[in-house]
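Consider the two complexes below, in which chain A is the common component and chain B and chain C are the respective partners.
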Partner chain A sequence: MIGWLRSWEGGLLVVFLATLALNVSFAPEFLTVQNQINLFQLSVEKIIVALVMTLIIINAEIDLSVASVMGLAAVVFAYLLNQGWGGGSAALACLLVGLVAGLFNAVLVAKVGIPSLVVTLAMMIGYRGFSRVIVQDTSLGNFPDWVTDLGQKGLIGPLPLSLVLFFVLLVALGVLLHRTGFGRQVVVIGTNADVARFSGVDVGRVKATLFVMSALISAVAGVLYAARLGSVRGDSALGFELDIITMVLLGGVSIFGGKGSMVGVFLAILIILNLRNGMALMNITGHVQTGVIGSLLILSVLLPNLVGDLRTRRARA
Partner chain B sequence: MMKMKGLALAAGLMAGLMGTTALAEAVTAAPGQEVNAVLLPKFLGILPFDQANRGAQEAAAELGSTGKLEFIGPTPENSAAGQIEMLTTATTQKQHVVMLSNNAGDQIAATAEAAQAAGTKVVTWDSPIPNGAGESFFVAQVDFGSIGTVMADMAYDLAGGAGEFAVLSASPDAANQNAWIEAMKGALAGEKYKDLKLVDVVYGNDQSEESYNRALGLVDKYPDLKVIMAPTTVGIVAAAKAMQDEGLCEKVKVSGLGLPAEMVSYSLNGCAPQFALWSFVDLGYLTYHASYALVTGAIKGEVGEEFTAGRMGSFKIEEDPGRPGAKRVLMGPFTIYTKDNVEAAAN
Partner chain C sequence: MTRAVLELRAVAKSFAATAALKDMSLAIEPGEIHAIVGENGAGKSTLIKIMTGVHRPDAGEILVEGRAVTLRSTQDAQAEGIAAIYQEPMVFPDLNVAENIFISNRAGGAWLDWRAMFAEADRIVAQLGVSLDVRRAASGLTLAEQQTVEIARALSLKVKVLIMDEPTASLSAHEVERLLSIARALKAQGVAVIYISHRLDEIFRIADRVTVIRDGQHISTRPIAEVTEEGMVREMVGRAIDSFAVKTAANAVGEVALSVRGLGRAGVFRGVGFDLAKGEVLCLAGLVGARRTDVGLALFGIAPATEGSLHLHGSDVTITTPRQAMDLGIAYVSEDRRKLGLAMTLPIFSNISLASLRRFLRTLGLIDRKAEGIMAESYRKALDIRAPDCRIEVGKLSGGNQQKVMLAKWLETKPQVLIFDEPTRGIDVGAKAEVHAIIRRLAAEGVAVIVISSDLPEVLALADRVLVMREGRQVGLLDISEASQERVIALAAGTGAGVAA
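What follows is the complex of A and B.
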């Protein structure tokens, strides 16, 4: 098992280095500091949420409502700013929105016992509906300068707040998953929830914690998204959940739970962002970019199965 | 000595005079300079943007730019985020100018300002940045106010002067669409249109299937609907097809902004007896000329400056009446198509 994980991440590392080499040789602007920052910042909200999605999927659950929570938080943030609220209190209110959304998911999944796929699918539609009701068919902007500055400009040197937050969360959630009792419980439940329950793990509490964490982090990401773009619409962050889940699965996290690592997901994030950036710098259009990343995901689903097949055949022969 | 001084003075005066007259006259940018440009449409894959690209390429060839002209764009479903990403990338690439048909509303303003600060000019065409921030100037296809009147008149004609009509627009954040709909609402306040009632504005996001369904939805919701006004080339075709498929063309007429090549059959069979448009080839051509003049320093992008744009003659930068503080170059005019002239234009 560990050998397999190692080889998956090894494979990702090779793909990442290959992408890097391609980018360096074909896009002269690739290595500039500003481009490296842009590369992360253009998708920073997605990759922040991908970190917590990693824990959810390893736990053998799924949270489809993340992008709608992001959108709702972004819209509420913009709405409150336009009502004359201060940036700090508006952001706090958005965290509250995230907390409530997370508790809702948590109760329905962990206490009532409805599958997370169903619960979060419903919430994905529901929260999106709220956003659309709040802003109708227009956009909300006119944020105070310090809000957009925080969203767009460097906080520590050239690193903007969102990127600093991403790296802090990467380390924190990596440690939580791989170095703490809670992390071990997440994995054990993901491998086999019944076994975990019999060995005394409070399955409901772990799952509930994860869903609250997921919605809270999504709400933060939504506020960052609003601050970066300087205006929001009812369809802000629409469809992001699929990109986020794509990153996590490419990172080698098993959709059936129990398997996966933060390093793998980080490598997958690097691959996708670098591929997109490199293709953009080489003036490759959106349709082709989507196609290339789609093919990569298909390969990442097919390869393990093909390799597995080969191994069983060899073992039989 | 005195004579010499006098002569020099006269020469100086002359030069000064010529300088001032030159400002008032149209400048022509010297051909053969290096201008690296990106033509960034709302998204790829629809005819008008391909036509605009044809016009821009024609202008680039004519001016003999030694730089490159790239035509890149996002996918329709990723339009706003994709445009922001592509404008950021173009800035990184140190492109001289990005010619943008904005589909991201004010969301792109910060990125456009960053581009300008880094030395990449942003010239908008077709659809401007609503608040004007980060934009050098906007090349407007037609006067946005006059589009409102034309749409109101077409609705008036097709509805027979009275009745209900609805608008099928593109995306809720397309600045051009919103400006035209607002202008139309303004026109509708006139006495002539008092029996004409705008009942709804819906959005098909410039996707054929979505627009088709929105058009059918309108007919279901408003049984007395007489006209669907679609100021988008995707929406108008989808709406006309929907009415034709459902056999509703006698009852509900479709109008708006459409490409003759795509509308010819609907125009002839009476589903869309009247619609309007301008030339997207010319729009791309003029946009490139304006951008080239801006990048090469022939113009600075200030109000009152005039420049020549090849076969189209000379144009002037002016205040944009629809967007306080923003500047525009007005192309115009546009053509109303009916069964009498649509076939000729379609070929």
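What follows is the complex of A and C.
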């Protein structure tokens, strides 16, 4: 227990509680269920994708194309609805878009062997281009009421569909990462892919599975995004990938792979959402908020190094 | 007695609660080759790190030529004339040899005088008595040549004490000879060489004095003439041990498990053929570069064979992936623990279960962590892996214990054909004897074993038959009764005497 408190997750928990305390002291209405749901819902698509990004980064890869896949799925969804498709079949078509995008990334990374940073950077630009071609300079809206209801209103009690999905995925991907053979392989590959290969792990298949999973979940998140906002544009979800990666790294996941936990990422999500919301309640502008989150990330990278440095110094002295 | 160039007085060093060195005193004289021996975990690494300024002692003093010094970094140590080379040399592949030699000499302003630099590099290399083109890029250098570059680098820094840590662990026989003659050349120039090796025969050939350490303590320092191998080993392990016991009887050999005909991989090796019976130990001998490891990699499906045929338990098989090989009951214990064998930052238990993870999967692919833990624990006890429990990171174990974890990983796959690649490289005599005992026991249990080894005494102690390779070709297949050190070397080097094929 003491060991856990001194771990990264323990530190995050302390920061989270401090954030909560600060927020409550400034705005007593902060800790209501409705406010917590609201602040989650404002970023729900990002935090859903952050869960799968956690697995990808632990695997020592990166997927920069997630936000563009989200945007493309949102645009395709809106376009098909406007063409008179039913909500179900339009959503299914978006899943197909996600599947194809994911397979594309998977083949280039796992089979051809191009670094994922390059592949997904190219795809980030490419898929964004498709979105802009489809909607041009306008926006697409006029969704059926039941679609926007599903995007905004409570499904289970006050929890909307997207939040339910987040919590289901949090548990499912947490179990997948920490309790299954697949998750173990993800971690080992992230630590040392050659060791995994020499132990009979099909490294390519694990990587491919992750990239398909990532794009599929991003497509779902994109559809939810469209449903929540009620209208989409070519630049929907632009730049989300950086917020998503920030959450994962702040959660203690090593950018070099092999290390990280779902609990840590969840705590980092709680911190970022509450910090942003708290700052908004204090009338701090969005740009300053972003600056604070950025500083937090830098600190989170510096801090372990400083602590490690202090420890070695103490050991040497 | 000449004044010591480097002296440690009552040095102690602890990490957390474990004492790595206790009251260590040691004096190194100029121009001597001073061997330091001890089991893994005896404190040799810590000793080196203290002498090179990586760690600072908790207590005691370090004296250089009689002056007490404080070494805060490797730069400090270099300034005092103390440098070390390791079994894996550090060279910059894109620079040429001369640039690599002078990499830490920052004097000389922005402009390089290439002509002077090459001349100086030539002079240093010549001092070592080797021929090496200082103008060539470092990228194509063999491991031995890279070591030469490192030694030359140390010489360029006017080194007084050069520490060689397992310098021959990855070298072939004639490269070892060259390294030993370099050590003698250094000695002739008045440099003190601290020579750390598990290969006791080398120590007897070049050392002037030998220091034995055990459990972080100084046990003895004696002139080599007063030391016997048996006595030295006894001091190292603190008990009697028969590490090189000659095999008494051939293993009971059963039916053929693996039959290989004309195996080859385009451009790498060809013409390898043998029958391997259950319970038999076949050793692959040869010089470094004979492509023995590639035969292992082909059988394990990492770099699949492109020609030839394989029969396993009587049926034809082709192996193109490690998974296939493992499903056929073949396991390959790699020579490179760090890069290919173990996930160093992960705990012991997940390393052991890695190759047989399927056996621990339950519904939905969930790992049965209890069964996994019990399994790992049973190997920790059976193989005497020295760690408090199986949640310890593998990277924190000593080399010998890491080797045992790797063995456990492959034993758990219940292999029928087990390939060992340099199973005892860089581990101490105690652990080596244990690994040999495990290999013999496996053979006795009916496992067909292939051992790739550059250590001839090991080959002769373990093998039922010896397959000798030279430059990617099989040049001999000897029964142990007709194999001798001379015969194997002659075949491996291609000098006369080799008639068998």
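In the analysis below, the second predicted complex is superposed on the first by the 311 of 317 C-alpha atoms of A that agree within 3 Å, B and C clash if a C-alpha of one lies under 4 Å from a C-alpha of the other, contacts with A are read in each partner's own complex, and residues count from 1 in each chain.
By our rule, contacts are C-beta pairs under 8 Å (C-beta built on N, C-alpha and C of every residue); 3 or more make two chains touch, one makes a residue touch a chain.
Because the structure is a prediction, the values reported are computed rather than measured.
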Fit or clash - chain C, chain B, common chain A | fit
Identify the partner contact of A:202: answer first if only chain B is touched, second if only chain C is, both if each is, neither if none is.
-> second
First (chain B), second (chain C), both or neither touched by A:82 | neither
Identify the partner contact of A:152: answer first if only chain B is touched, second if only chain C is, both if each is, neither if none is.
-> first
Is A:180 in contact with chain B, with chain C, with both, or with neither (first, second, both, neither)?
-> second
Who does A:239 touch here: chain B (first), chain C (second), both, or neither?
-> first
Please work out whether A:280 is in contact with chain B alone, chain C alone, both, or neither, and reply first, second, both or neither.
-> first
Report for A:188: first if it touches chain B alone, second if chain C alone, otherwise both or neither.
-> second
Upon superposition of the two complexes, what minimum C-alpha distance (Å) separates chain B from chain C?
-> 39
Which positions of chain A sit in both the chain B and the chain C interface?
-> none
Under the touch definition given earlier, write down the residues of chain A that touch chain C in their complex.
-> 175, 179-182, 184-185, 187-188, 191-192, 194-202, 258-259, 315-317
Spell out the part of chain B that touches chain A in their complex, as residue ranges.
-> 38, 43-45, 70, 72-75, 77-78, 80, 82, 84-86, 88-89, 92-94, 105-107, 109-110, 114, 131, 172-173, 201, 203
Across the complex, what residues on chain C touch chain A?
-> 15, 55-56, 300, 302, 321-323, 325-326, 332, 334, 339-346, 350, 354-355, 357-358, 360-361, 364-367, 369, 409
Interfacial residue positions of chain A with respect to chain B in the complex = 29, 32, 34-35, 38, 42, 137-139, 141, 148, 152, 228-234, 239, 276-277, 280-281, 283-287, 290
